[in-house]
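Shared between the two complexes below is chain A, which has chain B as its partner in the first and chain C in the second.
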Partner chain A sequence: MMKKRSRSRNSFSYRLIIAALVFFAVLCVIPFWYVMVTSFSDPQLVKEGQFRILPTGYSLQAYEMLFRDQRFFSGLGITVFRTVVGTSLSVLVQTAMAYALAKRFLPGQALLTRLVVFTLLFNGGIIPNYLVIQKLHLLDTVWALILPMGFNPWNVMLLISFFAALPASLEESAKIDGANDLLIYSRIAIPLSLPAVATILLFIAVRHWNELMDGIIYIHASNLKPMQVYLVELVMRTQMSSMIEPTEQNITSVSMQTAVIFASCLPIIILYPFLQKYFVTGIMVGAVKG
Partner chain B sequence: MYKRILSLVLALVMVLSLSAAMAEATKVSILTNINVDTEGTDVNDNDYIHYIEEKTGIDVEFINEATSAYYPQKLNTIMASNQLPDAVMLMGDTQRTDLARLAYEGLLMPLDDLLPNYPNLMASLKQEAWEICKYDGKTYAVPFQRFDSTPYMTFLRKDWLEALNIDPESLQTIDDWYTMLKRFVEEDPDGNGVDDTYGIVATTSGTHFTNFTFIDAFGAARAKYVDGELLPNFLLPEYKEWLRFMNKLYSEGILDPTFIIDSDGALWEKVASGKYGMFMWFWGIQEYLSKGCDRADLVAVKPPLRADGTQASYVYSSPNRHMMAITVDCPNPEAVLSMWDWACSEEGGVFLYAGLEGKDYALVDGQIVLHEDRKGKNLGWRQLTLGVQQPNAAEEPYRSILAQSFGDLGMEHLNMANTYGAYNELELFCPIFTELSQYDLITPVQEFTDKVITGELDVDAEWDNFVKRWRSAGGDLKIKLATEWYNTQFAK
Partner chain C sequence: MSQLTQRSNRFLTRIYRNRYLYLLLFPGLVFMLVFRYLPMGGLVIAFKDYMLRLGIWGSPWVGLKHFRFIFTQNLDFPNLLRNTLSINILKLLFYFPAPIVLALMINEVQSLRLKRTIQTAVYLPHFVSWVVFGTIVMQFLSPRTGLVNAVIQAFGGTPVYFMQESEYFWGIVVISEIWKSAGWGTIMYLSALTAINQELYEAARIDGANRLQCTLHISLPGISDTIVVLLLLQIGQMMEVGFEQIYVLCKPIVYDVGDVISTYIYRVGIGNAQFSMTAAVGLFQSVVGLILIATANGVCKKLFDKRLW
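This part shows the complex of A and B:
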């Protein structure tokens, strides 16, 4: 009797749940599938509005056009560079700051924490930021994309709560064994907070990868623009066509747009499953107070 | 002693010649929104920009922000900094208010004293194009004219006209058009035995409101001086009449019932579907052609007659595509202007419309013959950077160059667009008043128009209310300022 009541693998409700989950999974995949199929279809057929589940008239034309454009590669290079360098730098700065601010005996700790919270709530806006970047002679350099994102008050607040939860006795014993603060930070605090650090790392990396406005505002030279800017340009190009002139005869096709979107999503799609296990653990940050 | 002087003189000569060599290519930076296919090349490093440098001695550096929707933000940020580019591009629906604002803030250079030195520029640009670049009586920008100054055209399906035996020449009055559209809906012009045809397909969005075929025939397309006030077109009783007519088309199923929500993309799907008899768009209809459709399947028609029998027009917003303003910090405005002056010469014009000899065209017996695979390539880039002049499409060399790009039928449509096009001139020439920037005077009109056409509001019951509300929300101030301007221009 008991067995019947518990949910077996063959029960109707179990199947219903599986069906619902599969349905939602398919819903999530459809946009990607659409983009992929369109990018591999014959551009002329796409323009005429034909779309099937499988590519119509398989063609690599869009990708040939894409790889011909040096801006895709320069954009990809910049984006990868800012993501890798920017993320490492941000993680270093933010964990170090949070670790220090988690120490209540630090002189001025309360004031510093309040200053961090202040920047969480108030900021100067685009033009003052632009002036700062300009005066630091960072305009038109990749550092304009990396340095302003080095510090993020929200991430620091998250990390502070995580570091504060580490037992003080751990540190004391390390100190007795002769470790200094730097060693405790790098050998004890960071490894113990790995889920939180990995989450922050993923936040920062995804933000670096997706960030659009700084590339638009701080970068003038087209060969220094990150890939997202190039992507948005391509997507907007078709909307511009009729307003400019009836003479532009090769309107960028939908095929081209989908090819770029797919090519640029691919690295993150491949990377995500490997980082996901950290991501899920990381979301528990602060859920349990010890 | 003598030797020393000689060496000094020689050194001086060397320095002078060196600096002369360096000054040969004047550097000019221009903030632009060039969002067209550059065939994979850098906007600052391609055959075309090198040709411009070779011809004009000016090394242009485009600070190009191609993400159009974010361009205004970039423009505002850069103009707020203390490092202005030499010139900036002002584009889109906000170009005139941008010009007024930047000029008011003292960031733009008045050009009136300089312009007379540039004969090509002065000769090639129409007075109305200049008028739009003025603020407070001074010229602050160079207009980049559309070569089709008024691009709208109405197209009908040729096979439907033939199936119903309608001669497009016979379309004269609004009633003639109405009868034709009614037959499009009721007499099954596509011959499939199913009642699935519509008269007009259109979209509604800002300047691209494509229901404007009839508006001028009702006398509702232009501002008008009535009882001591200069009224915008949408406050006139004529506009009310037009709305009533459009509502009739909508309720009788002639106007596509979903026009209100359709995007431009949906519009072209519908045009290609063959279920709609008429649409209005830019005469170039690139979107239509890019769907693999043939221009010869359409008939371009002139606008209907007004009630008094005179010919109406297709009224467009502006003869300019965009404009370029020179900033106050520009050390060398002469260089910038001389580049655009060159663009107005015949050499510049051929470069604009045909491209580079060898790369884009060949000279055969002195005639320009475009390479088949280069037609339309890079044109957008040249238009946006140098497209100041409006070429005379009826004369050589432009006639043959354009004909090679568009075909004979395309040229016919271009000429019709130029013949039957017009502007809402009083509104166009009326200066922009910075006092009005805090009011939204456009959205309420669009909303009211859409609601009346779709029958959500009854025009007779709501009209007075609409006028009153628009006037009280900043409209009265606009009318007052516009009327004052009108009186200084036309009174006495």
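This part shows the complex of A and C:
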């Protein structure tokens, strides 16, 4: 057995696979390294367009420019708010709904599950969504970024399959002891499915942090624009001005863009190693077979 | 009569007994109805001339006027349809197999630490936004400061204006999608691969099967269910191209190849307030998507006895 294994480890095909995988893995990390190095480099040297492994002429100039911009901080504030409030709301709403829909004996359960599945297959689209937000007087409020994400059929289906797999005996014995469904949901079902709930929480939080489209469509007041909108507007301003006159000042904004990107990715990069353990393999199987 | 009241009483008792479950269900139901089903009702404006002053119900009915306009007079529409379908077909051909191949390769890695490291690296781009990733792609491709053009120049070529020439756009969209999403896409395949009985591999090895044969005859059939399900979903998305990727990457200069249905609806519908006409475009998109996924599901059920629902 051992012999066989070591032979296959040294085989040409195995080395080829490893080489290809390492190549792709490096390719996936390069953007992050590039952004970090560029944002800490001297803007004057960056515009000469040399990619270095280490910062060329270490400089905080890009960050000084960025931190003078009030819009960056308001964007960051909006994004943090929508992520914290929106994620809490969505997790509560979706776990509660999924817990109830996982009970096959519940009258109406089959119909309601079908209603959830149908929203996976068909949606009203951009314009009707916009009109609903408008009619609810949510345009230009941070709630336009939070409330529509309260329900998500993918997450609900994934959670249903998790709650359905919980052993029924625990809940039954709790019921005999006189616990009601609210208590069983909060004290038994949620703690037992913590990995699934944590995964959903992570998905929703990342989605809130990164979402661009709702900010573009629903928000016009500049003090309410989330960070992703701030970034995309910064990039587009740069492109416009560099088309009119390629001056030095806007070339240095490559540095400023990378500074915004690095600042906006920092929370994800810091949290990533801790969150990684939640992407346990197998967590998605239920979603697929749902 | 008394039997009927008895039965309805029993039904009400069952409802009452589960009142807390309905309470848990209620907020989710409200969010679903308001933000998913209410907009579906709002699609009626595709058959009306929507005017803000008159509201959705007060605006006059116009029948299929907007659909007639889209299919006969709207000069942008054929182009939108071509771009949307082309980008999706290219993604189906080149992006869709990428996570499968990648997962099969990762599955071969014998060192657990190396495997973990590779997984950590390839998942990472999924966790940043398209604004971030698209901006990085554009900086890499920049003619003055970009890495790619630095390499081209090092080999004696002249800088290429990648983002400003139509011929490169679809390629950039597909490659950047692979770069950003193929790694995360492996997660479902990898979990399906762990479910395969390891004894199958042992038996095959004893019979003298090599690595490729094991992959083709054990691993690949083992994840075929997952492949079918994800293929169905991909086909159902045939009419939709992710808004954010295109919004970030597509500049007005390459609208001829880059403008897709979602970016058009946003720009013309909300930007120029042509709500009814673009709602009709959106309805067309959603209905075709629904037909596609239902058909794909039916075909798969018939041919492979595998289906989505």
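Operating definition for what follows: the second predicted complex is superposed on the first by the 243 of 290 C-alpha atoms of A that agree within 3 Å, B and C clash if a C-alpha of one lies under 4 Å from a C-alpha of the other, contacts with A are read in each partner's own complex, and residues count from 1 in each chain.
In this text, a residue touches a chain if its C-beta (ideal position, glycine included) is under 8 Å from a C-beta of that chain, and two chains touch if they have at least 3 such contacts.
Computed from a predicted model, the values in this text were never measured in an experiment.
Which of chain B and chain C touches more residues of chain A: that partner is C. In the superposed model, A:222 makes contact with chain B only, not with chain C. Judged by the touch definition given at the top, the superposed model places A:130 against both chain B and chain C. By the touch criterion stated above, A:173 is placed in contact with neither chain B nor chain C.
Of the two partner chains, chain B and chain C are each touched by A:232. Contacts of A:156 after superposition on the shared chain: chain C is touched, whereas chain B is not.
By the touch criterion defined above, A:206 reaches chain C but does not reach chain B.
Shared interface residues of chain A, touching chain B in one complex and chain C in the other, are 47-49, 126-127, 130-131, 212-213, 216-217, 232, 239, 251.
Listed in rising order, the residues of chain B touching chain A in the complex are 35-37, 40-44, 63-70, 73-74, 76-78, 80-81, 83, 92, 146-148, 151, 208, 264, 269, 272, 281-287, 290-292, 321, 375-377, 379-380, 383-384, 387, 405-406. The touching residues of chain A, counted against chain C in their complex, run 4-5, 8-9, 11, 13-14, 17-18, 20-22, 24-29, 31-32, 34-35, 38, 46-51, 92-94, 96-101, 103, 106-107, 112, 115-117, 119, 121-132, 135-136, 147-148, 150-151, 153, 156, 180-182, 185, 206, 209-213, 216-217, 228, 231-232, 235, 239, 251, 254, 257-258, 261, 264-265, 268, 272-273, 276, 279, 281-285, 287-289. Residue ranges on chain A touching chain B, taken from their complex, read 44, 47-49, 65, 68-71, 126-127, 130-131, 134, 212-213, 216-217, 220-223, 229, 232-233, 236-237, 239-252.
Contacts from chain C toward chain A in the complex involve residues 11, 14-15, 18, 20-25, 27-29, 31-32, 34-43, 45, 56, 102, 105-106, 108-110, 114, 117-118, 120-125, 127-133, 135-136, 138-140, 142, 144-147, 149-150, 179, 182-183, 187-188, 190-192, 194-195, 205, 211-212, 225-226, 229-230, 236, 243-244, 247-248, 251, 262, 265-266, 269-270, 275, 278-279, 282-283, 285-286, 289-290, 293-294, 309.
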